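What follows is chain A paired twice: with chain B in the first complex and chain C in the second.
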Partner chain A sequence: MPVETWLYFIIGFMILGSIAALELTDLLSAVVAMGMVGLGLAIAFLLLQAPDLALVQFVIEILSVIILIVMLRSTNQRWEEEKEPPAMSILKMAFVAVAMIASLPLFLGLPQFGQPLLEVSSHYLAEGLRETGSPNLLTAIILDYRVYDTLGEAIVIFVSVIGVMTIFRNKRKGGTGNGS
Partner chain B sequence: MIYSMCFMLFLVGLYGVLIKRNIIKIILSVGIMGYAINLFLILIAYQEGSDFPILTPAETSKAMVDPLPQALVLTSIVIELSTTALLVALAIKIYQRYHTFDIRKIRRLRG
Partner chain C sequence: MNFIVKTVTRYTVWLIMLYGMYLVLFGHLNPGGGFVGGLVIALSFIHVTLAFGRSPQAGLPGEAISHNLEVAGAYIYVGIGVIGCALGLPFLTNFLGKGTPFTLLSAGTIPLLNLAITLKVGMGIYLLYLLLVETGHSH
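Up next is the complex of A and B:
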């Protein structure tokens, strides 16, 4: 079977899984359905010839499911009780449907699936090994051509770790009678 | 056609952000939107009948897929995890203060 057929199957699976994740009232099941969607994405990356991404997505997905389950555990909330009134949700679904229909012409302007525009990348593919000495061209781009991008990524992760630490430190301060 | 299916996945996430009132559901929807964007960029990069962008000693003359979007998506996946972690920390903090995940009930200020 061609890759495209498999991709239709996997993306359909991901859409169904995300609808399940949003509509289940049991929050733990919703988190598990979300993990299923992420693992489906890892398989899609494998089909699209991106093995490095598939590995990273696999690990990151498991970590994020663990983080979400830890959140459910520490707050002891298992069920979703809140419901949107039906009139509002019909209005918003209509908005989403209009967005779907209005954006369909946008996809006609894109290059055909399977024929990418290799403009900058053709240089990387041809000269990457000679200029950087890395047989893995992904590593060549991440750690040589676009190294400032990776530096920015590290800064973002650092800032988010600082943010999480700050949020949880304030909790202890409030407990010692700071008046807040 | 396959791009518009990917966009449908994005719209499912948008629907969740718009309609759901529970903070956990909103975090999940933001994650779904991120997945759709990553998948879209990798779909753009795919080349028919070509190999992954790793040079092997066998020197096959096969074409390779576009490595640039893959490298940038690798960054984006990791940043998404840190976003999720920050959102979860904020949600836990909100729950400790208001004892609810309903975004309509956490409006009032509490000293």
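Up next is the complex of A and C:
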């Protein structure tokens, strides 16, 4: 079977998983369904021959499922209590459908799959190994051509860790916060 | 956790950590790199934490040590860039020799930057996990 058939199958699987994650009232099952969506995305990356992305997606998905399950266990809340009225979800679905139809011309105007508009990647493919000495071109791009971007990502992670540390240290020490 | 989980953890966690180190060290040759390698190493730490709890016998870094290692990763990354500046090249230039392609010691500063990102991401994610879980349990 061609890759496109498998991709349609996996994307349908992911859509089903996300609907299940939204609709289940059991929060643990919803977390598992969300993990299913992420692992489907990782398999889709593998089929599109992007092993670096697939690795990152697998690992991030496992990590987020672990953190969500541990948080769920520590809050002792297993079931979703409030449900929105059905009229509201029908209204939201109608809005999403209208937005999809309105954005259809945009998707039809995209360039063909595998024929991007930007030609800079062809230079990386042709000259990357000679200029950087790294056979893994993705590493060559993120740590040589686009090394400032990677510095920016590192700063983003650094700032988020510092933010979480500030919030949780205050909460643990002070006791004046509403959580403790 | 029960006996089965602890035993399985004891036999598998070093394989996970070894795979993370492989991803980091061979990141410029194979799919992988500092980001995903650091995440796999952090997951091996989280694996031990989940199975054995935060007992001192587990020998895992605490919050202070992992924060220091994370900051050290950031300093190494920026330091490599500043060394390039000191040699009269633009910031974060690949100033080392390229070496023979497809060998472990090649591609100039790319493996060093991979190591810095490993410390940064791996220890950062592990620290986030520790903070979130510890505070969740204390209530």
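As a working rule, the second predicted complex is superposed on the first by the 170 of 180 C-alpha atoms of A that agree within 3 Å, B and C clash if a C-alpha of one lies under 4 Å from a C-alpha of the other, contacts with A are read in each partner's own complex, and residues count from 1 in each chain.
Just so it is clear, a contact is a pair of C-beta atoms (placed from the backbone, for glycine too) under 8 Å apart; a residue touches a chain by one contact, two chains touch by 3 or more.
Not measured: the values here are computed from a predicted model.
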Clash-or-fit label for the pair chain B, chain C on chain A: fit
Which partner reaches more residues of chain A (counting touched residues only), chain B or chain C: B
Touching partner for A:D52 - first (chain B), second (chain C), both, neither: both
First (chain B), second (chain C), both or neither touched by A:L151: second
Which of chain B and chain C A:S103 touches, first, second, both or neither: first
Partner chain(s) touched by A:G133 [first = chain B, second = chain C, both, neither]: second
First, second, both or neither for A:E84, with chain B first and chain C second: first
Touching partner for A:I67 - first (chain B), second (chain C), both, neither: both
Per-pair minimum CA distance [chain C against chain B, superposed on A] in Å: 6
Intersection of chain A interface sets (partners chain B, chain C): 51-52, 56, 60, 63, 67, 70-71, 74-75, 129, 135-136, 138, 140, 142, 150, 157, 160-161, 164, 168, 171, 180
Touching residues (chain side chain C, partner chain A) in the complex: 23, 27-36, 39-40, 42-43, 46, 50, 67, 70, 73-74, 77-78, 81, 92, 94, 98-99, 101-102, 106-110, 113-114, 117, 120-121, 124-125, 127-129, 131-139
Footprint of chain A on chain B - complex, ascending: 1-9, 11-16, 18-22, 24-25, 27-29, 31-32, 35, 38-39, 42-48, 50-56, 64-68, 70-75, 77-86, 88-93, 95-96, 101-102, 104, 111
Complex contact set, residues of chain A against chain B: 3-4, 7-8, 11-12, 14-15, 18-19, 21-22, 27, 30-31, 34, 37-38, 41, 44-45, 48-53, 56-57, 60, 63-64, 67-68, 70-72, 74-75, 77, 80-84, 88-89, 92-93, 95-96, 99-100, 103-104, 107, 110-111, 113-116, 118, 120-121, 124-125, 128-129, 135-138, 140-142, 146, 149-150, 152-153, 156-157, 160-161, 163-164, 167-168, 170-171, 180
Footprint of chain C on chain A - complex, ascending: 51-52, 55-56, 59-60, 62-63, 66-67, 70-71, 74-75, 129, 132-136, 138-140, 142-144, 147-148, 150-151, 154, 157-158, 160-161, 164-165, 168, 171-172, 179-180
